[in-house]
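Before anything else, here is the set of structures, which you'll find just below.
Shared between the two complexes below is chain A, which pairs with chain B and chain C, respectively.
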Partner chain A sequence: MTKILYANDLTACFSLWRKEGMRVLGPVSKAKTSGFGEVQDAHELDLNLVLTARTLKELFFPRTEPMFSYSIGKQKIETGEFLPSENACIIFGARPCDAAGMAIDDELFNWDYRDEYWFRRRDRSVIITIACKESDDFCMCTSLGLAPDSAKGSDVLLRPLASGNGWRVEELTPKGGKALQPIASLLKEGSEAAAPTAEVPLLFDLEACTTWLADPENFESHFWKEISERCIGCGTCTYLCPTCHCFDIQDEGDTYEGIRRKNWDSCSFQLFTMHTSGHNPRATQSARWRQRIMHKFNYFSDKFSVNSCTGCGRCTRECPVDMGVRETLQAISTLQK
Partner chain B sequence: MTDTIIAAQNNIYRPAVMKIAATRNEAPGVKTLRLEFQDTADQEKFAAAYRTGMFGLYGIYGEGESTFCVASPETRKDYIECTFRQSGRVTTALAAAEEGDRITFRGPYGNRFPIEEFHGKNLLFIAGGIALPPTRSVIWSCLDQREKFGKITIVYGARTVADLVYKQELDEWAEREDVELVLTVDPGGESPDWKHHVGFVPAILEEAAPAPGNCVAVLCGPPIMIKFTLASLKKLGFEEANVYTTLENRMKCGVGKCGRCNVGSVYVCKEGPVFTAEEVSAMPAADL
Partner chain C sequence: MSIQEQYRSRAKELLREGTVKMVIGYGAGTTPLRRRPIFITSPDDADRLVLDAACRTNLAGYLLREGLLADQKSVAVFLTPDGVRTINILAAESQLATEQVIVLGFQIDGENARQLEGTRVADFSGIIAERKKKRKEQPSHEVARKLEQMTSVERFSFWEGEFSRCIKCYACRAACPMCWCRRCVVDNNQPQWVNTSSHTLGNLEWNLVRAFHLAGRCVECGNCSEACPVNIPLHLLNRRMTEEVLTAFDYYPGADEHQEPVLASFRKDDPETFIL
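For the complex of A and B:
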């Protein structure tokens, strides 16, 4: 026997959580795109999406956020800090690849120095993930060692019932357990079978790829130029990546008052690494694409023993010139043979 | 999002406020600021953490933050000196700041020169142009405890006589009997009364021919100078493991998050900015 949450009870669940002072967010489609937004009613959710276009990371690391306010007087600088203080939230209906991405980002934002902007939101959120029963041609979680029902980064995992009426509920963390308490009355004992999870084919041999990337000989391989020649440096892949975390810090305002903000930035951009002298360590688009791939599959794993890619496939799905991690790693797999 | 203003003790992006205690024009477009902390707790935190080689982010609200080394030594920690060339938005604002003005500082960040390991050794400092500031921090750290080191040689070159920075200190070092100072300017950069060398640093260094035995070299300068000077040091018999240098990549956070200062898998902000030439050689050259 296991706990079942029926889809009919979802709106009631949301009310119970809100009564506890929690906000409820989930996948919503609007204005030709989809992402995570606050919802009141279960009908607002778009649970049929294979994956939202935008990732979960925006909930913890917004595209732009104020860090400090400043006001400068003759003898004094007055500053204020904007630290996230939103109510705790339930994120209902994340996908396993996105949830895993958040756990990977935690490593970076906690690397010796703890980023309060990230963790104040992370600590006050509960991720309830729904295992995937469908995938699309761009999904590649299995190639990254994950699966359509991976538990990594989730607090609760829901497995869709074969009937389509609801989900089997798996509590994964104490935080998840606590979040389930207020809705305990709506969780029914049952033995209904779960739908089979999506079959996501293996697209490349990750180990062969990381081995090739780790070889210093290949750093200046002509491969990088060939594979990235059509990259237009738009940054879409980085903005839509659950694990891309690079940012800029910019002041908005004038000499007297304004706001210091943390903004998304991207290794695809020429200015990202440009020195004041004009020297740019990564002066070409191919050097920048190499950085993105190396960062994900070599540098990050060197530091944190995990690749910073969960196979969500967005970089390939949304790339305006049909590039992406998938193509690059498939090509490297082929080079290896 | 309903963000409200709350004070946090541990916000890693919160800079300390510093007062400009003095300013000095070093060379055309190059200025030194002496900064004093306004908050005792900030001062104590800095004094406890700072070691020569570390860097900071110097800022002016409304303009932003810019990364450069702490040019004052770990033996003098009740103030911070920074020397910079006015070139971008932040350095232009910093250059316009006057004595008594407030600016911000985040740091100290990064690793350090292992000065204890230099005890008992001869020291060779080589710097080019605006790269004397990071070298100067090590020079004073050693001169302030002079008895712990052997022979100290400083080779410093700039494009022109006017471009030499810390001119007063150069005079002071020139007069010291326990320091050998070798000054040079690029050909064409000399003034009529210039009494020192004319020529590029690598050639002048080879002429001075410091002995590599029991000697540590600290080399800071623009990439092209580093490249040729390393070749000269090699010729003189120096091993890469005994040559220290600093890397200065663009940074925004200083604490390993913003993702841009890495050379290969090495984050300059956390694992640098001080490296041995041996460590730099192991990095992918195309990423430097």
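For the complex of A and C:
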């Protein structure tokens, strides 16, 4: 026997959570794109999407966010804080690859410094993930050591019932358990079977790739130019990646008064590493693509013992010139043989 | 022989006889429906070229990449008439010399790619003149018509809504062959003309700057809308600008390589009614 949440009860669940003062967010398709947005009613959700175009990370790490304001007067300097103060939230219907991405980003944002902007939101949110029964041509979680029903980064995992009427509920963390309390009356005991999870084929040998990347001999390889010749440096792959986390600090205003903001930035951009002198250590697009791959599968893993990629496939799915991590790692694994 | 076969052997020939050092074309993509830009430098690889109705990207912008044409050697590119217009504009703006470009011309008609005769951009001027005529007669886009009927306040809020999704990745800029500036105005920070943040004002500023800078230069190839990860209908802005320039100046961007850029040139008899 296990707990079952029936789809018919979802809207009632949402109101119970709201009564507890929590916002409810989930995957929504709106204005020709999809992402996570606040919902009142279960009908607003788009649970049939394999994956939203935009990732969960935006909820914790918005594309632009004010950090503090400053004003410098004759006698005094004043600053004002902008720490996030949103209500606690339930994120209903995340995918395992996105949830895992948040756990990977936690490492980074809590490394040499605890990023309060990230963690205030992380600590106040509960991720309820739905295992995937469908995948598309770009999904590659299995190649990254994850699966369509991975628990990483989630507080509760829901397995779709074979009947399509609801989900089997697996509590994964104490935070998840607490979030289930207010809706306990709606969770029914049952033994209905879960639908099989999606079959996501293995696309490359990750270990062979990381070994090749770790070899300094390969840093200057022709491979990099060949594989990334068509990259236009548009940054889409980084902005839509759940684990890409680079940002830029910008002051808006003038020397005496303004707001300091934290804005997304991308290693695909020429400006990312441009020195004031005009010298650019990553002068070519291929050097920038190499950086993206090396960062994810070498530098990040060196530091945090985990690759900074969950195989969500967005970098290939959304690239205007059909590039992506997938092609590069597939090519590297064949180089190995 | 299919057009794909013809162009494969044409590419092979051009590379073998050394007429060009590279052929920029389309190849198979990650899924059967996708195509990707490929760069062929050896005749043996020419069989990787694909040409069919799925080949939609305007490839002209690759010619300006990282000093490709600096050695004065020639490159062949697969181009639609809009792609050829792109080359004309880039030449008029002194970004490349048309002598270095061999055109592999094609046009998508429904489900098929059709071959267009010609080798140099100048060979396509007839086709382009024909397009100009058609463009003038072309009715506005349905959404565009709706926009025209709105009050300016309604229109503003329509665009505000659309731009609110913008994540300021500048993919539209990266994808546009006309956005060749080494340093875009929005990347200048001394002074910072345009906010870098992706908030309402910053998004509006960026999208308007982009639209203005493409007035009379956009060839309506669709690269920008295609690249935008949040699907903002950028083409509506560009099309509106194109129609404006067409009506006001009878100007069709990229008609030929000698056509002066419409907003960067003047005539003594310009009415200049807007200058006080």
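As a convention for this text, the second predicted complex is superposed on the first by the 335 of 337 C-alpha atoms of A that agree within 3 Å, B and C clash if a C-alpha of one lies under 4 Å from a C-alpha of the other, contacts with A are read in each partner's own complex, and residues count from 1 in each chain.
Methods note: a residue touches a chain if its C-beta (ideal position, glycine included) is under 8 Å from a C-beta of that chain, and two chains touch if they have at least 3 such contacts.
All figures in this text were calculated on a predicted structure; none of them were measured in a lab.
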What does the overlay on chain A give for chain B and chain C, a clash or a fit? fit
Chain A contact check, chain B vs chain C, more residues touched by chain B
Figure out whether A:230 sits in contact with chain B (first) or chain C (second), or with both, or with neither. second
Scan A:31 for contacts with chain B and chain C and give back first, second, both or neither. second
Examine A:255 and indicate which partner it touches, taking first as chain B and second as chain C; both and neither are also allowed. first
Looking at the overlay, what does A:112 touch: chain B (first), chain C (second), both, or neither? first
So, A:93: does it touch chain B (first), chain C (second), both, or neither? neither
Kindly classify A:64 by the partners it touches after superposition: chain B alone (first), chain C alone (second), both, or neither? second
Check whether A:137 is in contact with chain B, with chain C, with both or with neither, and answer first, second, both or neither. second
With both complexes overlaid on chain A, what's the closest CA-to-CA approach of chain B to chain C, in Å? 5
Doubly contacted residues of chain A, that is, touched by chain B and again by chain C: 248, 250
In the complex, go through chain A and note every residue touching chain C. 31-33, 53-54, 63-64, 137-138, 229-230, 232-236, 239-240, 248, 250, 252, 261, 263-264, 266, 269, 271, 284-285, 316, 318, 320-324, 326-327
Residue positions on chain B within touch of chain A in the complex are 1-8, 10-14, 17, 61-65, 85, 87-88, 91, 102, 104, 222-223, 248-250, 252-253, 255-265, 270, 284, 286-288
Touching residues (chain side chain C, partner chain A) in the complex: 29-31, 34-39, 57, 61-62, 65-66, 161-162, 165, 167-171, 174-175, 187, 195-199, 202, 223, 226-227, 229-231
Per the contact definition, I'd like the list of chain A residues that touch chain B in the complex. 62, 65-70, 72, 76-77, 79-86, 108-109, 111-117, 216, 219-220, 245-251, 253-256, 258, 260, 262, 265, 267, 272-277, 279, 281-282, 287, 291, 294-295, 298-299, 302-303
